[in-house]
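Working notes, structure below.
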Amino acid sequence: MKFTKYLGLRLLTWALTIWIGVTFIFFVPRMFPSDPVETMIGQIQARAGQMDPLQMEMLRRSLRVQFGLEGSLLEQYLSFLWKGLLQWDFGPSLMSYPTPVGDIIRTYLPYTLILTMTSTILAWLVGNFIGLQAGFRKDRRSSKIMEGIAICIYPIPYFIVALILQIVFAYILGWFPLQSTIYTFGGFGPFIRSLIRASILPALSLLLVSTGWWIISMKSLSSTVAEEDFVLFARYRGIPSGKIGRSYVMRNSIITQITALAMSLGGAFNGSIMTEIIFGYPGVGGLIQKAVLRSDYNMILGCITISIVAISTATLIVDLIYPLIDPRIRYS
Amino acid sequence: MRKFWRNANFRLKAGIIITAFFLLLGFVVYYIPHVDPFTYNTYRGKLPPSWEHPLGTTSMGQDVFWLLIEAIHNSLLIGLIVATIGTVVGVFVGLLSGFSGGVVDRVLMVVTDTFVVVPSLPILVLMTSLMKGSTTILVMALVLAVFAWAWPSRQIRSLALSLKERDFIHTAWFSGEGTMEVVVTEILPYALTWSLSNFMNATLAAIASESSLAVLGLSPANLISLGNMIQWARERNAIFAQQWFWIGPPIVATVLLFIGLFLLITGYNDYLSMKRGR
Amino acid sequence: MAEKLLEVKNATKVFRIGSMLRGKRLVAVDDVSFDIEAKKPVILSIVGESGCGKSTLCRMILRLYRPEMGDILLSGRSIYNKQEYDPTQFRLDVQPIFQNPYESFSARKTVDTYLYNTAVRLGIAKNRREAEELMDESLKSVGMSLAVVKGKYPTQFSGGELQRVSIARALITRPKLIVADEPVSAVDASVKMNIVNLFKELKDKYNVSFIYVTHDLSTAYYISDYIATLYRGCLIEYGPAKEVMDAPAHPYTELLVNAVPVVGVKWDEEMVMPDTEEKEYSITHCKFAPRCPYATDECRAQRPELRDMGSSRKVMCFHPIVQARTAEVG
Amino acid sequence: MLKIENLSTSYKTIDGDVRVLNNINFEIHDNEIFGIAGESGCGKTTLLKVLYDIIDFPLQVDSGRVVLSVRENGGTTAYETGKIRNAWWKHISYVPQAAQSVLNPITRLKNQFLDSIPEEYRKNEAKEETLKRVAQYMEELSLSPDLLDAYPFQLSGGMRQRAIIALATFMSPSLVLADEPTTALDVVVQRGILMMLMRLQRKLKNTLVLVSHDIGVHYQITNRMGIMYSGSFAELGRTDDIFRDPIHPYTQMLIGALPRIGDKTPRAGIPGRPPALTNPPDGCRFAPRCPYASDRCRAEVPEFREVRPGRFAACHLVQEEAS
């Protein structure tokens, strides 16, 4: 009963978030003076030379339809919501015309999801484990060293870490290829092997940065929790410190860290876009870069819409785990 | 001042020193007269470091040292502008939301939360790609500021909510203070302490976002920033040509600047909590 | 001029706990009515356990919470009616004193700024000199002085001293009513009496009535002229303080009085404390029935009215204890 | 039972050490309820911390020690400051202020019980067996065993405090220290809990040390009590004697300042405020507020000595009276 209320509320905010986000990206391009259709026609003219005015007018028409620029602003908006959000139909991609944007994103999305999810979850687990050690046993030398390393890595932007890894491991040491290649044909074995080989450096750069963050935040969190009354009272009850670490400090800090995980997903996604671009990993990040270079606005809008939906949904899922761990939400 | 330094922790001291060093480079050394480092073929290309060119020159014959100084200047400038806008707007929206309550608060909250949750980079990509090439530092900063206000506003709102039920706010009202005066003289002092650490954080985030966009080729093409400097070097294959003095300095500078600012933030927060603890 | 200083008419405050979708309703103050005469100043104590609604009631009188139902009138004018309410006049007439003196002033400001604002913003003093004279006079009447207070931050005072400053601030407007919410519960025993005595003294000196909200029945007995007992948001007993506490009519008031650890009378060790803590706030019958040793079927079936007991005493009980006592005596 | 010898402690701060307890000597006996009274900042909480051996930075013991003697395995074992931790919860237990935050907010009470029972007390029995014993004990204290399945936030302050008292006495410790156990609670609940503590002490025939700022509480339930002022005891003795005939001017004024229901005669508080511990006055610390203070009081620290059998006080006036 209580849980359904929480769920209902959470679903409502989920829907609102997506709606506001998508509305924002619908209206933003329309506020800029540049018109993608004219840009496109300019490009075509540059490539194909002067065109027949009638032909050009027809081209302009069909481009307007494909860009969803036909009709009044409200009609455009409603059709964008209806087609884009509910049917994932963003029109044809202009760089690989006439393949629909949705189809292309569908082949690239899994790579990004695998990369982002594995590195985020792994970083969260490892970072929180180390952070807990560092916070609960503050005086140990290893705790201080781990924290020092974390402080030096976390603030560096994702792409710089990626760049450094690329220079060191791919260029100087030559252990990995400079650009990822994944063999989609040639059987399952080579595919998996090439996927892993291509993912290690991007994943590592994501891991380094976000693990650093989880270490730092968990350290400060758990050292705060370790000074709370209920932990002190547990000590005064003569409970062994290992037990206090596990059932008192860890369980109470993890609750906060789950919320933090939900909040951090957007940032993690930004990071994976950047590393994908640096390493030429075939994910949504690379797709966005290509789309930007070719002014493929349908593709850009599609990628953004899908990423907003994906991140909001992932946040929703993480938030739904929360009441399983915190009885205060379940029972009150 | 001396007492502050004595009580400051190691991180805060290290952070202050590193940040001050960069401020010196970006806002003092920058004004030493020098040749415009952007122009191609001012010098001979691919020169190794020397007295004349402490960090050598690029393939296009630009002086790397002055390029770096201008990049630090511009990156810091963008960071500061974005942080200022983000903090001011964030504090305003947060206070408005926290004090008005009701429908206004709920609407503002949902919008704020959306901007916190949604991945910012793709949207920034969309916005900057629409004005490719034709931007100034200020426009760039305005675009980046779109995502800089949400987090501070969320924090300030919860601060305002907790403060507004505090008795001293009531005392202030019964002492004849009006709502604006209460907000400015009672709430703001508390919000400012917090805002300082957020300000540094926002500076850091803005510089990172600008660099990311630069790597995508979306930062203004004529803007010398740390991100663009790295991107130019990458485009001209500085890695393959092993021109470490070209691609190295902006990377090292970025890393150092970020660590410095971060040390400053965490050190400052620790310092505050220690001060409150006593 | 109206003959009542304060009239609380059927004041009701409902809090919604939980989310906006389906929250629980908690009736914090349930249809409470009482008044304070304007003829001569009085101290009215409002007592009860935590969560009984005494602070909420007090905040409604201070206009910090708006009642869902009912009205509150000051000198015959509703403070919730836009036409009759004047924010400046209201602040001249009513002033608060809060529980924790360190919470009553911002830690970032010197305390004298609050006194200065009170004097100047509400139009009592025309210039700085007049304001400072007023401040000094007020501070002297609580045993402090402007010279001591000026330029100091709250943490530079002890709790007792700061509470005096906050009383001095409230006095600057020469209010008709001071609402003091638990003013001594954060103050040490040795200085508690100094502050309580101050209320008694100021009442006559400045002709100001006090509403004294407290859970400390001993000080309530000591200073108040009238007393009101709240239980779960209901006003269950009202009357002259001495009479009510010497011979409580409501079983709950009796229980409260018996539970105070008074020096001089040892507790009866056999007595059972009926403190089953039921969290139900929406009981339709007598709210105290589940804990009441004298409860009958009638009490569990419907809610008693607030009955007049004579000599300005009122009680909300089907079986007030007074009859039993008089029977014993007689 | 508990012997406190020449105990002095201080807090380390960046402006130097601040002395909080000054050369404290007293004993707490078997089978009694001993009360420690005093205003905020008088050192009563620090004293309790040292008694319970919670000596963490920045608190430090400058001199003296606390010795806890308990009957164990037929003989008597003495635990000293630094070692008392080894007796935690088995021989000496602690009841904190009735705060929302003293129990792990996300575990059921039964698990918190299980956590606090060391292996040797579990006697190799299954969890369920131990819980059955706990439930039985709860019933003995007239508490519902259903409480064990509740989370702390589901309980009212009074219920939580009762559960904590059950938790603290389950292993029948010889000494229970209670730090303002009823401060945040309502009077009716307070009386219920104090009676529960009193009955428990009668049943276990152990020792209860009760710290409270409320003199009335001490009058009601303690057998002996000590009144602290600015870092040391002003007076110590049988509770009834202290209330009947207070010796120290501070005690006299404190008791005189207590309002009583049924008595409206004017009462005065004590003028002034306790001295700052960072900069205490010379001589008797109460002298600046004492109406009887002489030059000697302002110069010489009075000795805390046995004025009458079992009755201790630190006041020059008393010595003069005795001689």
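A, B, C and D label the chains in the order they appear, each numbered from 1.
Basically, a residue touches a chain if its C-beta (ideal position, glycine included) is under 8 Å from a C-beta of that chain, and two chains touch if they have at least 3 such contacts.
Just so you know, these numbers come straight off a predicted model, no measurement behind them.
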Contact-graph separation of subunit B and subunit C, given in steps at minimum:
1
More C-beta contacts across C-D or across A-D?
C-D
For subunit C versus subunit D, what separation do you get between their C-alpha means, in angstrom?
32
When the centre of a chain is set as the mean of its C-alpha atoms, what distance in Å lies between subunit A and subunit C?
55
Using the average of all C-alpha atoms in each chain as its centre, how far is it in Å between subunit A and subunit B?
22
Per the touch rule above, subunit D residues touching subunit C in the complex are 39-40, 156, 158-159, 186-192, 194-195, 198, 213-217, 219-220, 243, 253-255, 257-264, 266-271, 273-274
Quick one: in the complex, what on subunit A touches subunit B?
13, 16-17, 20-21, 24-25, 28-29, 32, 34, 36, 151-152, 154-160, 163-164, 166-167, 171, 216, 262-263, 265-267, 269-270, 273-274, 277-278, 288-289, 292-293, 295, 300-301, 303-304, 307-308, 311-312, 315
Which subunit C residues qualify as touching subunit D in the complex?
49-50, 158-161, 188-197, 215, 217-219, 221-222, 242, 245-246, 255-264, 266-267, 269, 273, 275, 277, 279
Residues on subunit B engaged by subunit C in the complex (per definition of touch):
106, 166-168, 170-177, 185-186, 189-190
Parts of subunit C lying in touch with subunit B, wherever the complex brings them together
20, 62, 64, 88, 91, 95-96, 98-100, 103-106, 108-109, 114-115, 117-118, 120-122, 166, 169-170
